[in-house]
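Below you'll find a set of structures to go through.
Paired with subunit B in one complex and with subunit C in the other, subunit A is shared by the two complexes that follow.
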Partner chain A sequence: MAVTTTYLGVPLYRPKVAFFDFTSCEGCQLQVVNNEANLLDFLSLVEVVNFREAMTEKSNDYEIAFVEGSVTREDEVRRLQEIRKNAKILVAFGSCACFGGVNQLKNRFNDLDWVKKEVYGDCPVDTKEAMPLEKYVKVDLHIYGCPVKKEEVEKIVLNVALGKAVNLPKYPVCMECKANGNICLFDIGEPCLGPITRAGCNSWCTNNRFGCWGCRGPAEDANVAQWQKIMRQHNFSRERMLDRLECFGGFDHLIER
Partner chain B sequence: MKVSCNVDVKHLSRVEGHGNIAIRIEDGQVRQAHWQVVETPRFFEAMLVGKHWENAPVICGRICGICSIGHTLTSIRAVENAFGMVPSRQTRDLRLLLKHMETLQSHVLHLFFLAAPDFLGTGSVFPLIETHPDVVKMAAGIKLLANDACDIIGGRRLHPVRTVVGGFTMLPKKEELEGLLVRLQEVAKDLQTTAELFKTFALPDFVRETEFVSLRGDGVYPFIGGSLISSDGVYRQEEEYRLMTNEYVSETNTSKLSRLSRRSFAVGALARFNNNHCFLYPEAKKVADELGLTAVSHNPFMNNIAQLVECVQVVMESQELIKGLLDRDWQPEREKVTLRAGIGVGAVEVPRGILYHCYEFDHDGRMKKCDCVIPTSQNNANIHHDIEELARQYAANGFADRDIELLAEMLVRSYDPCISCSVH
Partner chain C sequence: MIFKTIKRDELANLYAKLAQHLIVGPVRKGLDKNNKAMYDFDRVDKFADLCLDYDTTKHSAKKYFLPFTETLCTFKIFKDSWHKKVDYNINEPIVMFGLHPCDINAFNKLDKVLLEGVYPTPYYAAKRKNIFIIGVDCQPQPWCFCRSMDTDTVLHGFDLFLTDLGDRYFIEINTATAYEILQQLDIQDPAPQDHQLFLQKTNEKADKFIASVDTTDLTKILDMEFQSPVWQEWGDRCLSCGTCANVCPTCYCYGVEEEVDLDLKNARKNKHSYSCNLIDFAEVAGGHNFRPESHTRLKYRYYHKHRGFVEAFEESLCVGCGRCGQACLADINVPEVIASVRQEKI
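Let's turn to the complex of A and B:
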């Protein structure tokens, strides 16, 4: 690693980072490029050696691998295992990588043949159930969100570059939402998963009067039964509860079907 | 005459998603020349089945990270059409403004960050930060304005949150719109500088005749809804989109393909320009003239120039939209949703071409059937045939493998393909 920058007077190692995409919308990667206000600062923190969406050059010499997307085909499993071998730190980048994201909604039919037929008719198309990276390799760090929040990405990258521990919030979105002084969506008749979703997005959706859909997965000690009670009190059906809980895959282990 | 040639590009860079180019020429004959999409499909059309209508824009917006606003708006339009809802003028204006800002940010991302490195001979935008700092700074500035505008109107630049069936959850502040207006006037000047820069780029002089499909303009350069037209004279209504797209599956591609009057057609900025150039603002027309773009252009590399012309177009129209919104008092932001069983189609010109979503709902508003036809999937067959022709022409002129490879890559990039979107 080359020492080239200083941060608060401390010489900073510029880790070599690589970005990879699996089954996804590539939106999380785009959040990095979509960062024009401080893209250049970000680039001074790290040395990007592999970023197919933005550059032609590639290298297998990297320390941190940001992996976006879920795994849905056998060749992706092998590619992921290769990346795992090369990387010191493997980051699951975004909710597709962390939980399967919206892609895992196809798993709920428990019938991949029907899923394939519905979209491609009789033409054979190779697919497996959509899975998070952790199903196949060890993941060192999770960055949640659909999409990830760029401020959080930068903070995490900075901490990694400085060799500091990364602490993600464990409390729910409601805490941020209340601190932001929003009117509660339940009071205007809209459902919200904020009470049990992990914070860190600064209540991105509810600040815009749009209920939380749980893209960052559960907060610590998320009490799903308690949330379902709130939803029932506001006359929201079981179906609408399930819609929110299953949308991004983060609550999968907490859902009673 | 070139006797043999081998080009093999796996996972082409500086495009969204995964695609391969392969060209094999033996004894002067093109044995194989293809553009192949290998992206893993996500099966959105199956995911939605059985889901309540409210899920559609949230989930379908995730089809694409670059044009999530376009997908969300198309999805909302399909739901509203199915339910027989007609958006208010204010909602229509705000949606169009939001869409224009996505078009601007997407075109600028493509022109400067993905395409320009080819013309300036670098592998990415990163070296340009050193060699062309003013250009990179200007491009970043335009993108920043467009993204800020998307935050202000849609609540979030990627996967918007204020856009809902019936209108918006929240309206922007008038001061915010005033701020955008001032910045848009600055950006209009930056686009002039951009045009000067693009004049210095040598675009390959390659032509292959094809058919162009887009929304049909009716007094204005169209972006959201309306009838459909092709340069070969096909004319259809929005709900007849299937007669325009004729999707078919191929065993070698994970993307579906489309055809109309010929074996392939093109959608996107160049198609829109070719079909609707008469409705452009004079400022946009001027840029087209200056850069040698005249309808009907059959040079796919000209799609870059058409995107630049559209940047000018959307910046001009956005100023007019904002002035109109500032002149009127705010009306209620959101209308109540009334369910009914039925089918709804939304056709919207997103940055890479015309996008369709079609949903069928039962009486309770649950999705029975979902179909999405993506611009890049409509373009894929056309890209494929372009590569064949490009290989033939340039090999015949004795170009080296490396040059043909670069040209083929540039050709694909000119379409600004959104591959993961095409395999949704």
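Let's turn to the complex of A and C:
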């Protein structure tokens, strides 16, 4: 492929990237290819050397690894460590990779053997608790969301290619929700995790009048205790409160029990 | 100022005269959890949708003057040159039908910074000059404290202002455009009893306020109480969510970001609203954050509104609309915060 150049003919840093998936729905990777209009532009910014969902060739020569999914099996731990060795930058791609995601809900059952039996019946699979990548390896960059937002992924990759800083929003979803002119769901009696969840989704759910479930994890300095108090003041049960906080796994260390 | 009256029924004809333009006004937005009607400013498609007797709107009207996100300019990048295109983003004039005095006063305050400052903001000016404003009187709600802020009446900054006198409206006419439009309608000169009725209405309204803020010596008191422990307590509650600034008619802080398109052929400079309560509001290049703690940021919002702006312009940057307190999930509201600072306790 021809060398891509930017303004005044400066050649573009075209990193070799690879995509990997662990325990997940692969929806985050789908977000990347689900993009006919500018997929070619996107692909000219990077050199994809490994992407099971989109191509058959494979190579272990890559600088940036986008890793989707949580880690739930012993062989996955070894594979992840191998990727870490190869990659200069390891990106936790999507909420499963960042926090364990929906998969980590199973960790909340006291009896994991019972869970296994319910799911796999008489064909047991060797699984353990679902964990975020960071439990086993160092993660350099997080891209949050269930699924990730393709515009955000494109922007991050573009900024890496151009050598610009990658800045994710640090403030909560309410900021975007209000800018989008939404009436607050608490006003109509619906719970919402927006006040403590990291923005960047452009308040996807609340725009559609569906309370936030915190798929992007906590905003920086999220005031979880105050949110719990607000839920109580609005007469939401403890169960509904914990349901929200536990759904994607991002708030575990912040919950006041 | 010229005064006239217009029969209640004739108002529909005023609407019809203006309807060739985009009309924005208070419209119903469903019921809240207590079955109370909610309103917001939005485009009005027919006169019957316009709710001139609304109590308040969830958001202020500022998005029509200061959009939450706005592209300031775009760039086309060629091999070794580039073109810049600046657009102030006004597509058509807007008629704002039904602003309360607080919201009109809010624009007058914004004018001081964005129009009359050393560097006027053309993006704001272009919109402000292309909006026709019809004010309407209101009934004080439990959260309104505009009277404390001297913004319960408005003297300028609108084209015409309507006060409900029962079967007719009292009209204050402030611009030639408004006068010319009204000339095409069936309007009357006010009779002496109309003047009386108007004053009576104004006095009745003044008696109805429940919330208030004591602004006596407030700038000095804020200086003295900079280290007051009450700030810490409010800060502990604050979610740093920016909702207060977003619903506020006078908050105007923003950030600017440059974005390049994926094809590397186009770029743009985008502005988006920001809030001093957000965690990285005072974060600078290199990563140092001058206000990492929530209470220092919350305090900053109050100091800008009730101290800094007063020192610069002899008036507060708060119009007492009460929206921030109504919208804040943590129940942080101006009357209680100011009272707690004055009394040194919450």
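The rule is simple: the second predicted complex is superposed on the first by the 243 of 257 C-alpha atoms of A that agree within 3 Å, B and C clash if a C-alpha of one lies under 4 Å from a C-alpha of the other, contacts with A are read in each partner's own complex, and residues count from 1 in each chain.
One rule holds in what follows: a residue touches a chain if its C-beta (ideal position, glycine included) is under 8 Å from a C-beta of that chain, and two chains touch if they have at least 3 such contacts.
Being a predicted model, the structure only gives us computed values, none of them experimental.
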Report clash or fit for the pair subunit B and subunit C bound to subunit A in the combined superposed model. fit
Between subunit B (first) and subunit C (second), which, if any, makes contact with A:196: first, second, both or neither? second
Kindly classify A:172 by the partners it touches after superposition: subunit B alone (first), subunit C alone (second), both, or neither? second
Subunit C versus subunit B, contacts on subunit A by residue: B
Pick one for A:213: touches subunit B only (first), subunit C only (second), both, or neither. first
Just subunit B (first), just subunit C (second), both, or neither: which does A:42 touch? second
What is the value, to the nearest 10 degrees, of the angle subtended at the Cα centroid of subunit A by the Cα centroids of subunit B and subunit C? 110
First (subunit B), second (subunit C), both or neither: which does A:230 touch? second
Three-chain overlay, closest Cα atoms of subunit B and subunit C, distance in Å: 12
List the residues on subunit C that touch subunit A in their complex, please. 29-33, 38, 40, 58-59, 63, 68-69, 77, 79-80, 82, 236-243, 246-247, 259-264, 272-273, 275, 278-280, 292, 294, 327, 329-330
Given the complex, residues on subunit A that touch subunit C span 4, 6-9, 12, 38, 41-42, 45, 154-155, 158, 162, 170-172, 174-175, 178-181, 183-184, 186-189, 194-196, 219-223, 226-227, 230
Quick check: in the complex, which residue numbers of subunit A touch subunit B? 21-31, 33-34, 36-37, 39-40, 43, 48, 51-58, 72-73, 76, 101-103, 105-106, 109, 114-116, 118-121, 123-125, 127, 130, 146-147, 204-205, 207-210, 213, 239-240, 243, 247
For subunit B, which residues are in contact with subunit A within the complex? 11, 13-18, 40-47, 49, 51-52, 54-55, 58-59, 62-66, 68, 105, 109, 113-114, 117, 123-126, 129, 140-141, 143-144, 147, 155-159, 161-162, 164, 169-170, 249-251, 254, 256, 420-421
